[in-house]
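Report on one structure; see the data block that follows.
Labels run A, B, C and D following the written order; every chain starts at residue 1.
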Amino acid sequence: MINKKIDTVQQAVEGVTDNMTLMLGGFGLCGIPENAIAELVKLGVQNLTCISNNAGVDDFGLGLLLQQRQIKKMISSYVGENDEFERQMLSGELEVELTPQGTLAEKCRAAQAGFPAFYTPAGYGTEVAEGKESREFNGKMYILEKAYEADFAFVKAWKGDEAGNLIFKGTARNFNPCMCGAAKITVAEVEELVPVGELDPNHIHIPGIFVQRIFQGKNYEKRIEQRTVRTR
Amino acid sequence: MINKKIDTVQQAVEGVTDNMTLMLGGFGLCGIPENAIAELVKLGVQNLTCISNNAGVDDFGLGLLLQQRQIKKMISSYVGENDEFERQMLSGELEVELTPQGTLAEKCRAAQAGFPAFYTPAGYGTEVAEGKESREFNGKMYILEKAYEADFAFVKAWKGDEAGNLIFKGTARNFNPCMCGAAKITVAEVEELVPVGELDPNHIHIPGIFVQRIFQGKNYEKRIEQRTVRTR
Amino acid sequence: MLDKNGIAKRIAKEVKDGYYVNLGIGIPTLVANFVRDDIEVEFQSENGVLGMGPFPYQGEEDADIINAGKQTITTLPGASFFDSAMSFSMIRGQHVDLTILGAMEVAENGDIANWKIPGKMVKGMGGAMDLVASAENIIVAMMHTNKKGESKLLKKCSLPLTGVGCVKKIVTNLAVLEVTNKGFKLLERAPGITVEEIKKATEGTLIIEGEIPEMEIA
Amino acid sequence: MLDKNGIAKRIAKEVKDGYYVNLGIGIPTLVANFVRDDIEVEFQSENGVLGMGPFPYQGEEDADIINAGKQTITTLPGASFFDSAMSFSMIRGQHVDLTILGAMEVAENGDIANWKIPGKMVKGMGGAMDLVASAENIIVAMMHTNKKGESKLLKKCSLPLTGVGCVKKIVTNLAVLEVTNKGFKLLERAPGITVEEIKKATEGTLIIEGEIPEMEIA
């Protein structure tokens, strides 16, 4: 067993420097690498390019990095819940590349899987297709999308073991598995780090080969963005 | 819950006719849809094109369909354990398209996921690349491979529920998940069909949306191709 | 004239037994409330769940179980969770039978715009571009006119497109329309709405053939 | 001269701590037996397992747990199972650190042929084409000459290629060689084998610089 365990969140962000491209898992505030984000704020790295489906809210998730103006460019599919984001974007302080959600997921997965490019129908005939190759297959039009290139991927899982194997819970899975192994270094934080051998090999969502560092996260807030309930 | 359960193996192969293209899961004799194959032999359909990583052995797996001369063309990555296969191939009775294993898996997955084509490095500069587009990305050469088109996919899972959700066991998983939803109709046979709600939604490998029919298989032989053991 | 619930109710009639359905944010979300309970339907949410149930009871919310609108949800027996790549395999691979989403504008050739107002609102397309580029069966749920009273059923979209030639059917507060290669074909009127009123509220080519029945949304 | 186990033993020295390794069928499979036990290595098999262990004890074979050679195997703590698409994500995505495979022919530019003898043997390439097209670090394990005594280290492959310019290192019964842009560079001699003998058995350009040490395979 190749041991991927690190002991501190400081080790988790070791090597992250200005101008790097980071992938960050999560959908809205669900399944985000809370510990790593907090430490990136502390680290104070600048001019980051962040690939993440959303940009957090004003005071949580990637919103924390936006507040500190550490992000130069966001690559996301939806950024609608963040006033500071909108302000920075409209004022031109923040560069934004909006990408269809399925394309975003697959551009991560392509990087993970060694595919340089793929054809997808999403965005054909729209702004998203500008500057990209369009091509017909079987009578339908597609555009060519390329794999992302990133320096670090920060993901959050539910359980993990020291070999880096990961299991996700519910819809907190989302982009996290697609980002594992899609960057030069993948750092996973987990709610529960278990000894090797405790996870059923059939239930592992992401094998440890895609993960370079794993650590036990602390104090998960797991904030709910839209608390919707019904009455009994 | 949308119910996909069928009661008999006859219903499993309903609609399969001569000249169709079938996908069949399994690696060697591991994780093959034994029940469906046996019924296809009984059904006597002819001129099939079969997409399957291997071609079985002389008297088991796809070898049974080969014996009956029901297969016109095999699309596989490795066909080395089958004398009848070799005889039919060398005599020209059987058409064979050999495809790199990872490409085969991804051509299935592309069909499942709605990608018409993708670029892969496998086979560049070899016979496999003949007649295919080659292209450079980031200084490396790739070839364009297209998604398969198939009429039926027959897969084998360990457990499944009536909603068509599937869980695989060990290396019997192999090509089975990639083929689910990659053909017009996907038929899953399982060792254990459980009531809906028994499978943990986090552990499901293939959601029922990719499966049109599911049934409880019978009398699994699960033959071992190479029984290798050590002594105590 | 229909309210939002009325639109959702009418669209619910398009949901057939055995359908996997993806509901967009807004009016489409309401459709789930009106689907007949004698048919089997499964709702897919693109953030990674199939088999969505109703909202949880107070105190039973789970931050790890949400829908694409970031709302806390529950799951029904037979549900499954999966990652974003697989979720869009379902969508792009046309395994989802029906997609219902909102729009700012629809053009008579089926083009749709619903993600961006240049210089004003730039929230992003989320999964909408994948959905409209892939789905065989797309129904748009929207008001017939915008807040200024201008038609949202146009000859040509003025806003940046989400997808081209993809919308098949539109249900508004005034009417049900089908997108044909000759323009919007009027299928049904909302209760109390005249063909004249629909004509006035429709900028794109409107095709009226024979008697136009009133919707049944009981 | 080395036997098959000797070749495997020498290659085992190339396996470093923390490596994920894919072993081909034949001599490469033997390498697992000789890896130092004070380092951590995980073996990947392309049919869908990471963390392979030794063969099972008699009576403990599981038909559902095999390697790419279709042999019954066991798994070690920390192992995982996955589907074929993910397996080749590991390979194509260069997450596997070292690939060891057999060959019929290797050319001095790194081309490899190991899957087909036209008209004679057509078993298929299995995962070999994906492996050689993707891996950064490929070691070929083979006999220096074929059964007829002809060199397998050639100027140019005569058989259909498996991959182009991909082989980095070759370990044979006679020598260890590196593929450079000038040809096969002789690194080590097998015990008791002279440089002359290696020269004779090598059809491709052989580069000999300085004293060539004998392999250490203790």
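The rule we apply is simple: a contact is a pair of C-beta atoms (placed from the backbone, for glycine too) under 8 Å apart; a residue touches a chain by one contact, two chains touch by 3 or more.
Everything numeric in this text was worked out from a predicted model, so none of it was measured.
Visitor: Between B-C and A-C, name the chain pair that shares the greater number of C-beta pairs in contact.
Guide: Of B-C and A-C, it is A-C that has more C-beta pairs in contact.
Visitor: Give the label of the chain whose average Cα location is farthest from that of chain A.
Guide: D
Visitor: I'd like to verify one number: the distance from the centre of chain A to the centre of chain D, where each centre is the average of its C-alpha atoms, in whole angstrom.
Guide: Computed value for the inter-centroid distance: 36 Å.
Visitor: Let me have the rounded angstrom distance from the C-alpha centre of chain A over to the C-alpha centre of chain C, please.
Guide: One centre to the other, that is 28 Å.
Visitor: Can you compute the centre-to-centre distance for chain A and chain B, using the mean CA position of each chain? Integer Å is fine.
Guide: That pair's centroid distance is 33 Å.
Visitor: Among all residues of chain B, which ones touch two or more of the remaining chains?
Guide: Expected reply: 106, 109, 114-115, 120-121, 168-170, 201-202.
Visitor: For chain D, jot down the residues that touch at least 2 other chains.
Guide: 49, 81-82, 85, 88, 91-92, 134
Visitor: Thinking of each chain as a vertex joined to the chains it touches, would you call that graph a line, ring, star, complete, or other?
Guide: Basically it's none of the tidy shapes, so other.
Visitor: On the basis of the stated criterion, which chains touch which? Give every pair.
Guide: In this structure, the chains touch in these pairs: A-B, A-C, A-D, B-C, B-D.
Visitor: Per the contact definition, I'd like the list of chain A residues that touch chain B in the complex.
Guide: Residue positions touching the partner: 106, 114-121, 137-138, 140, 142, 146, 167-170, 201-203.
Visitor: Within the complex, which stretch of chain C touches chain B?
Guide: My answer: residues 18-20, 40-42, 44, 49-51, 75-82, 85-86, 88-96, 134.
Visitor: Quick one: in the complex, what on chain A touches chain C?
Guide: Going through chain A, the ones touching chain C are 27-31, 53, 76-81, 86, 89-90, 96, 98, 100-106, 108-109, 120-128, 158, 168-178, 205, 222-232.
Visitor: Quick one: in the complex, what on chain B touches chain C?
Guide: Residues 1-3, 109, 111-115, 161-163, 165, 181, 196-197, 201-202, 204, 207-210 of chain B touch chain C in their complex.
Visitor: Across the complex, what residues on chain C touch chain A?
Guide: Within the complex, chain C touches chain A at residues 45-49, 54-73, 81-85, 87-88, 91-92, 111, 116, 119, 122-130, 133-134, 160-165.
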